[in-house]
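There are two complexes below, and they share chain A, which is joined by chain B in the first and by chain C in the second.
Then we have the complex of A and B:
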């Protein structure tokens, strides 16, 4: 029973496809998966927007949306209708074609990333051997769309926002990749399904997720920081900082194109959280061995929603960084730490089983964290800036 | 240490998040259309014209006869964004002091222009224009709907008492004082006139008797 429930979507897909002639079957089965992904994640986006507005409201001791539907649950639908009925304004001096293409490129590139994410046992659209590589290739092309949007609008705010976005995303792309490489080194594969399978075993009741190792925890923290920067989420929302740049690179977008940017941003958040789940949190595997009867896709999506909640929590807590803090943090803290983490992962691999590798790896990482963090703070690279004239 | 402040902040927001579900006094939100906070005494938004109901002299609608405004146009001239438009009447009417005064044939305020500075109120020598507290003025017509004429602007003195009790009491006392002064003056003038007439009559009588003698 639990096995059927676990595979219910896969079985459903096979059953639906079985009505068709054999020639069409491969195409239709892929198409079905695509349709489900395109339908499911925007629905999740609507829910996440509601969750974010409610959560932020509560964090600020407000009620959040509570007018449209019970608990304001229909608010995203109202927002959607509003953005659909709004006038679509294209500035007179904008590059019309690029201006039109930018939101499309963003959404398409972000959707491509979902193709390789395993969302449950056997639930992956394309099981590529180099899935991780494909994911990062697709993730990097969102930068292009953001720059297209900023450049084609011919607006100083848009352009500044796009410049900031490109600088930020390229800086954080490196630590994002580096923190994932540690996982690849240990798992010995670029295939995301195999990475999940490698974590899907238990000692006693506890799972072998990579986050429960010193290098995995460090890698995960670095991954979280750089994924927040990659998706332009607060505290790294400089490219669209309202108080500085109106709306950053999508200042000149209105109506449904704006909604597409909004969608793209949230989808990027989902896909990067999904990847983080796959790499460090065991993907669809259960957190305890006695819970393995729960369908795998429930675990994947609950982990995903947990990560989204953390994103929202952090957004409600931290103020926006300054550009120099952002860059210093990327190049002088996160990057060295991830490089060190690669070394530690190698050590972990070659020290063999036993308690020594736990101690050695933890000590190295902790020391590096303390030393790098303290020097950075002392030199005022990450901490508050001191103004000479204000003293 | 690096990250310490972030953890502290996360703890603080987590406390807010859960606390807002547990204790209702954390939530400062007033759910507006259902719940309302009583406005404070000094609340003000747009001006209105005060009229006195006891001052009716029949025929005209109550508000028109009772308007305190004498169309002196000081407020029109002082208004910084120039949102007041006044047309003075050709004829005159008696005001509450019994004095013949002009009255506004037209008095328009464009509340889409008005900036609620209260200068019109400060400069009015007749206590005719005061600040309102009515704020639910949304309309589907953004030009005509926001241009208030004198009928829409006229509100009774009782209304003024209701929205700004202390201030209105002060104004009433001042007006009553003025009225007493004016009455006394009129009485004195009448007495003087009477005395003058009596004197004239006495003089004339004396003259007549003198002539007769």
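Then we have the complex of A and C:
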């Protein structure tokens, strides 16, 4: 029974496809997967927006949306209808073609990332040999669409926001990649399904997730920091800092194009949380060996929604960083730590089984954390900053 | 040659031509990105996953961004009044045609020397990684050192002004 429930979506897909002639079958089964991804994640997006508004409301001691439907649950639908019926304003001096293409390129590139994420046992759209590489290639293409949006609007706030966003995304892409490379080194593969399979075993009741190793924990923490910067989420939301730049690169977007940017931001959050889940949190594997009867996709999506809650929680808690703090943090702290983490992961691989590797790897990482953190704090100038405007 | 190849070739050529012919420099950079994407698709169509994804990651993710940054930071995005075409375009055309002819000749000459394989070879990322780390480790390290040197050089160039100001 639990095996059927675990594979229910795969079986459903096979059952639906079996009605068709054999020529069409591979094509339609891929198409079905695509339709499910395109339908499911925007639905989750609507729910996450509601969750975020409610959660931020609670953190700021107010109620959040509570007028449309029970507990304001229908608010996202009302918002969707509103953005569909709003006038689509394109600035007179804007570059019309690029302005139109930017949100489309963003949403398409973000959707592509979901193709390689294993969302349950046997539940992956394309099981690629180089899945992780594909994911990062698609993630890198979103930067260009943000630049296109900012530049084509012919608005100084848009352009500044886009430049900030691109600089920030390039800076944090390096630690994001580096922290994932440690996982690749241990798992010995770039295929995301194989990375999950490598973590899907237990000692006693506890799973062999990579987060439960010294290098995995360090890598995961740095992955979380860089993924927040990569998705332009608070406290790294300078590109759309409303107190400075109105709304950053999508200032000049209205109606459904604005909704597409909003959707793109949340989808990027989902996909990067999904990748973090796959790399460090064991993907669809159960947290305890006696819970393996629960369907694998339930675990994947619970982990995903937990990560989204953490994103929301941090947004409600931390203030926004300053541009120089952001860059210093990326290049002087996160990057050296990820490089060291690569070394520690190699050490972990070659020290063999036993308790020594736990002690050695933890001590190296803790020492580096303390030393780098202390020196960084000492050098950091926390007083008022002297700005140099076009000297 | 399949139908897909012709579509991709047309896309790549259109992107490359637009990159040369368009007047606005940022449009040129974006058109160049289309050409990069077309090349990546060509690699994928040949079952070279690693090369295709590396092409997207490096060229669309990094080089294209670098190009647009360079354009925007050097005040060159305005179209010059006397047109965008260089006066000695004829010489450029001749040189470009010469280089293309030499490359094409070299490629066509090398075809008989290649081993004749009937089935498409299956190359996994694992094999590429092994080859890079064993047989081709020296070229890889040289490229790494070169890139590090370029990085350090760029930082020194950027820091120069700050040192003088103090």
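Keep this in mind: the second predicted complex is superposed on the first by the 380 of 391 C-alpha atoms of A that agree within 3 Å, B and C clash if a C-alpha of one lies under 4 Å from a C-alpha of the other, contacts with A are read in each partner's own complex, and residues count from 1 in each chain.
The rule is simple: a residue touches a chain if its C-beta (ideal position, glycine included) is under 8 Å from a C-beta of that chain, and two chains touch if they have at least 3 such contacts.
Everything numeric in this text was worked out from a predicted model, so none of it was measured.
> Identify the partner contact of A:316: answer first if only chain B is touched, second if only chain C is, both if each is, neither if none is.
Once the two structures are laid over each other on A, A:316 reaches chain B alone.
> Could you say whether A:373 touches chain B, chain C, both of them, or neither, answering first, second, both or neither?
first
> Which partner does A:128 reach: the first (chain B), the second (chain C), both, or neither?
In the superposition, A:128 contacts chain C only.
> Could you tell me if A:2 is touching chain B, chain C, both of them or neither one (first, second, both, neither)?
A:2: touches no partner chain.
> Could you please specify the touching residues of chain C with respect to chain A in the complex?
26-27, 30, 33, 49-50, 53-54, 56-57, 60-62, 64-65, 68-69, 72, 124-126
> Could you please specify the touching residues of chain A with respect to chain C in the complex?
Residue list for chain A touching chain C: 95, 98, 128-130, 133-134, 136-141, 143-144, 147-148, 151, 159, 163, 166, 170, 173, 188-190.
> With touch defined as at the start, can you tell me which chain A residues reach chain B in the complex?
My answer: residues 55, 58-63, 66, 313-314, 316-318, 333, 369-370, 372-374, 376-377, 382.
> Across the complex, what residues on chain B touch chain A?
Result: residues 1-3, 6, 9-10, 12-14, 16-17, 19-21, 26-29, 31 of chain B touch chain A.
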